[in-house]
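The structures considered in this document are given below.
Paired with chain B in one complex and with chain C in the other, chain A is shared by the two complexes that follow.
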Partner chain A sequence: MINGQKNFKELNNTIVLYADNYINDTEGEKLEEICDDFLGKGIKNFIINFSGTELVNSIGISILIGIIEKIKDEKGVIVFSELNKINHSIFTVVGLTKHIRVSKTEDEALKLLENHRD
Partner chain B sequence: MKHDMTFHICPDSEFFGKQREIDTICHWATEAQKLSIGMLIVGKRWTGKTEILRRVHQWLFWNQARVIPVYYQFKTCAYHEDFAEDYVKEIIKQYLAFIKRDVQVIRTEVALERLEGLCRDIDIPNISGLITRYREAKGNGDFLAALRNAITMPYTLSLHSNIPIFLILDDIDCARKIVLSWNGVSMMREFFNSLYPKYPNPVPFLMASSIKSVLDDRGLSGAMEIIKLDGLEEEIAVPMTIELCRQYNIEFDTGVLAFITKKLSGNPVYIKNIVWAAYRAGRDFINLRDFIDLYLYELTEGNLGFLLFSAIPIESLSDLRVLHTCMNSRNSISEEEIREKVRCSTEEIKKAVGSLVASGLLEKDIGLIRWGGDDVVKDFIHCLYETRIKGKSTEEVRTGIARKDLKEGFYQKGIKVEGRIKEETIEIIEAFHGQKIVKALLNNQIFSAGYEKGVFHIPENMRAEDVVTLPQIIGCFDALKWEKETEPTIIIAYGFQNNRYDTAHEEVWIVGIKEDMVPVNPDEGENFIRRSSILKEIFRANKVARWFVGSEGFHAEAQKRLDSEGIYSTDAVQLRILKDRIMEEKAADRSSGIDVIAPNKEFEVVLPMGSKAELVAVKVLEGICMEMGFDEDAISQIKVALVEACINAFEHCKVKEGKICLRFIAGRDRLVIHVQNKGMNLDQLPSMDRIAFSETRHGLPHKKGWGIELIRGFMDEVCLETLKSGTEIVMTKYLAKKGDIRNDQRTEKF
Partner chain C sequence: MDINLEKFLFNLNTLAELGEEMASPKGFDNSVKSALYMVMGSFFASKGIIFGYDRDKKIFSPLASKGVGNANEVTLQLPEEVIKEFVKYNRPFDVKSDDPIVSVLGPARAELEKFHARIIVFLIVSDELLGLISINDKFSGEEYTAYDFQLLSVMAQHISFSFYSHSLLKRLMHKYSENKNLCENLVCAYYDTIHAFAAAIDAKDAYTRGHSYRVSSYSSALAREMGLFKEEVEGIRIAGLLHDIGKVAVDKSIINKASSLTKYEWSELYSHPVVGYEILSKIKFPWKGIPITTRNHHERIDGSGYPDRLKKLNIPMGARIMALVDAFDAMTTDRPYRRRLTFMEAMDQIKENLNKQFDPDIVYTFISIVRKEARNEADNPSIIPLLSEHEQLDSVFIEKLFEGFPKVH
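And now, the complex of A and B:
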């Protein structure tokens, strides 16, 4: 939860998750739980919005890789949006950017998913 | 045109005069026909070997095209798998960097697979084939073949390239410490076999080692040129130290600096360390006492001690006993003799001698062992021995060293330091202009009572008699014309009180100056009393003040006599303060000159284990980085590395409720972060790292092992050390200068 508010929203069969300021084990697991719930309900499109995320640590990375794995298992699609420079560097070093789509804005991410459906 | 640095080197202003050696090596490296197959630089720790090697690499990289320079620095602790991978990566990266003339390639952390792809993309298939061969051997679990492929890579690369490789191997003695998994395989043998001229075109190489015995039994000594690197000679060390002192606004006496450079064995690292320490502590090098206090503090509690403690491999009290015995033995000594003195088992002695010889602290020649360290290490070992084995207090040991090693040794050698006290005293007298000063600055006894740790405490409730009003001096001259004696020098200064130029306000100062670096003794005190009394009669005035300036202070008896005669007494420390007081402009300059963070300013943080505890360290880090002037991108990169180092340290804490200790050292051009825990041995880490490169479902990267990779990727230098008490990661980030691409996004290239 960010500032006591719900940290995801549902839009056109797509789930947009809002990542916390610091993605560690706890925050990563929260994202994973939400993804698990919605994957269980048959939703396959996910956007993780990192606009509020200053830093992702290696444990957070490992959980994010797990989330991507599960989504890919279900033939789903995931887009990371609004990454800051350092987080983009981290995901590049790890090699994640080869496996997922990255968009500058949430709207762009939604469009990417719409095009994917088409 | 100034080229980008290939590897970090110190600023030219702090360089240490080894240009002749660098020129010789560069000339040799680019010669078509070489008489020797390689060069070995042998020198004690911190004598500048790495700096020379890196400067050679820098020159070869930018100024010629006959050879491709490849620099590799061996780590203090590594597994063969990690070494092989790291070595291959470095060689290929530097090969590509040279071909493309792009240093960014060297600095970028990149996986081997990507290098392989890159070689293929830019159409150098032979090279990508070499990488493939290495990876296949490794993939098939044939790690010995992989290691041999790695070690012979410079040779095979030379065969496939039009330009030969010039191999520069730093800390080659550390290659012996690489952990191997096979019996009968020796890392050094493998290495030297790859260099030995059994091939038609052997790879020319330059190596640096702390110990000459690295060549023993390799049959290479005859085919190699050996350069022995000692500390700096006085004529180079003193000007360099003067320059450093000026850079940091430290006042100095050239004679004292000459003594300092000699005491510190002309070692550039020690010299820089002590100058920075003086800057941090706001101390000067005007007299020996300033240096002695600082040196002993640095050795026992400061950075110098920390540096030595990290570098000297003392793992047990037996090691310390062996080292102490050899250090104090006038001649070479056998293991048997050591055993008799230290009462340890033969095995313990053998083990201790082995590791101490490997570190260069001891030297072994035809079975006899002798001390191989320098004077500073000797003092350090002495401190450790006296405190840990003999149970003395640090203060007691410090006093002992000050008395014996410095003062007595200094006087016995009869070194006379030519100071500038006379010139400074005249400068000060000429600046007398009716100022009011604390009388303690003119009375050595009162001053000594109120002076502590570099600060003079002005007594509360000052009375009129505690203050001296100086005259306005109109001129001063040497008293030589008026007397036959010359030692100590006497200066006569004429002036008036209260700006009233009449006989009633006339004032004369008779000033004796003793420049020798020994305190004024009673005879010299009497000499000045007698001579100044005669001069007092010659230079009659309404008021006559007599003042004795003794660079190193006064013997108690001399002080008593001078006091009884109403003669002022001042040592070099008082003189410095006096100078600052009466020359306000200069004092203002001194304070305004400090507008940047002090070099090697240190901060320590202890983190308890807990959720998000690493973010506390990040907060501290942000403040330090901003003050140092790192840009936003660099700060973010350091933050990532710090978080990962903390997580790693917590993860491997042996103790359940463990803590980790962080040490931030902010220098002028770099930030060094030490993260220490009571953790597992580092040799457990590399296997985890490797996990990061393998892939899992859907071709995704593996989930674990990214911490160390991110640290390596975002910091300029990373070192993993095993300490007696645990594990330490030391990470360095350099401040990017204008035009330096060090802090640019490191991932863009690949």
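And now, the complex of A and C:
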């Protein structure tokens, strides 16, 4: 919960995190804590949905790196979905796209993870 | 757009946000944490820590960290001469490089490596060491470039200035706190001196022991009830303690004389408000009106008082209050020349002298306080508990007593 809003959902053994604009504040590290909790429960598939995120700043990048590192350490998979052009461009510039998968929509990301399981 | 240009713009935006963050009012600890995240995000680092340097204790302690586990208890120490070296060097360096500055770190290097330190930059303003930032290898596996070092240097400068302001503010707050304590001690000493004076005044007269204290208590209760400002109430309270200070110049034998006074003795006694005024006028009180209240506390509403024969509202408010409570206390305590009056007898005297000696507004306020105290409605009763017959003064008695009193207009 961030500011009283639930910012994740669990679907078919996959956690979808909603980055919104919280990701750009140190409060966004709560998303990292959610990942920690589910990784601890054995869940390894994660989607971060950026549909509510206008622009990711350096704080957001730092939080995302923390999330990616934790998921990678546990041999999990992470997919970024619904990235706008600017955010996609930022992730490319900072080299983040080399470490994650990207899909246009959340459904597409879920299918990608389904196929990954197969 | 060219990727380098995009990266440059991203970093430029980070610098703008960092400047804004360090000047934000959300609190130093939160700003430092945000600053660390910004540095880590800019260099794609997953582990980082910012230490603050305590120049008194000569230790570094963590202010914010990410990805390094619990670092709260860790402290770092560097010898004075090592610190001087880093202040002189004043730029980021790679712990894994062959730069000679790395060896200057000494044993602290191993400590920093526990936090996966790869790049370190000390936070310095005007040759004053304020802290350090340590970040690990880039998550991408890429090497740090000369551009990265330049960017980190600029970011460290931004953060250093914030540390410097915070350190100045802390020192200022420390000084403020020291001065505040000093001031409080002085105020205590001030009050102690005033109380000592009051005790000295009362000690001159065996019959008036505690008189100044009671006059002070009654008069401040009246001033409060009349809605005066806190500072005015305090001024009247202090004037109550000191109103008879002029009696120190009057011979003790006159003050304690049981038989009637001679003309000379009366003139001596009458001089005490003016003598008191002269003594108190030389003191710079933090409250207004203490000397003049002392001078005029024997004035009467009808103009027949002394020393200035002032009438009605020409008599300062504090002095009108003091005139009533001084007379009330004199009436309700034993004197060398007569026994004390009961509360009822004293109130009869006051009623008789309403509009002659006493200001009716002050008298009605006095009655209002006594009523409240008798009904247990007063937070801090200041009159009834000081009367020797206080146990008999319940609300039924008081209400009955005031039945025949002229109505409040």
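Everything below uses one rule, namely that the second predicted complex is superposed on the first by the 110 of 118 C-alpha atoms of A that agree within 3 Å, B and C clash if a C-alpha of one lies under 4 Å from a C-alpha of the other, contacts with A are read in each partner's own complex, and residues count from 1 in each chain.
Please note the rule applied: contacts are C-beta pairs under 8 Å (C-beta built on N, C-alpha and C of every residue); 3 or more make two chains touch, one makes a residue touch a chain.
Owing to the predicted nature of the structure, the values given are computational and were not obtained by experimental measurement.
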{"item": "When chain B and chain C are modelled together on chain A, clash or fit", "value": "clash"}
{"item": "Contacts of A:Val102 with chain B and chain C, given as first, second, both or neither", "value": "neither"}
{"item": "Which of chain B and chain C A:Thr92 touches, first, second, both or neither", "value": "both"}
{"item": "Partner chain in contact with A:Thr26 - chain B first, chain C second, else both or neither", "value": "both"}
{"item": "Touched partner set for A:Asp73, first chain B, second chain C, both or neither", "value": "first"}
{"item": "Chain B versus chain C as contact partner of A:Ser62, first or second or both or neither", "value": "both"}
{"item": "Touching partner for A:Val16 - first (chain B), second (chain C), both, neither", "value": "neither"}
{"item": "Chain B collision site on chain C, chosen from 22-30, 112-120, 184-192 or 346-354, when both complexes are overlaid on chain A", "value": "22-30"}
{"item": "Residues of chain A at both interfaces, chain B in one complex, chain C in the other", "value": "26, 57-59, 61-63, 65-66, 68-69, 89-90, 92-96, 99"}
{"item": "Contacting residues of chain A [partner chain B, same complex]", "value": "22, 24, 26, 55, 57-59, 61-63, 65-66, 68-69, 72-73, 84-86, 89-90, 92-96, 99"}
{"item": "Chain A-facing residues of chain B, complex", "value": "109, 111, 611-612, 614-615, 618, 633, 636-637, 639-640, 643-644, 647, 692, 696-704, 706-707, 709-710, 713-714, 745-747"}
{"item": "Chain A residues touching chain C - in the complex, by the definition given at the top", "value": "25-26, 29, 57-63, 65-66, 68-69, 89-90, 92-96, 98-99"}
{"item": "List of chain C residues in touch with chain A within their complex", "value": "1, 3, 6-7, 10, 13-14, 17, 30, 33-34, 37-42, 44-46, 66-67, 139-140, 142"}
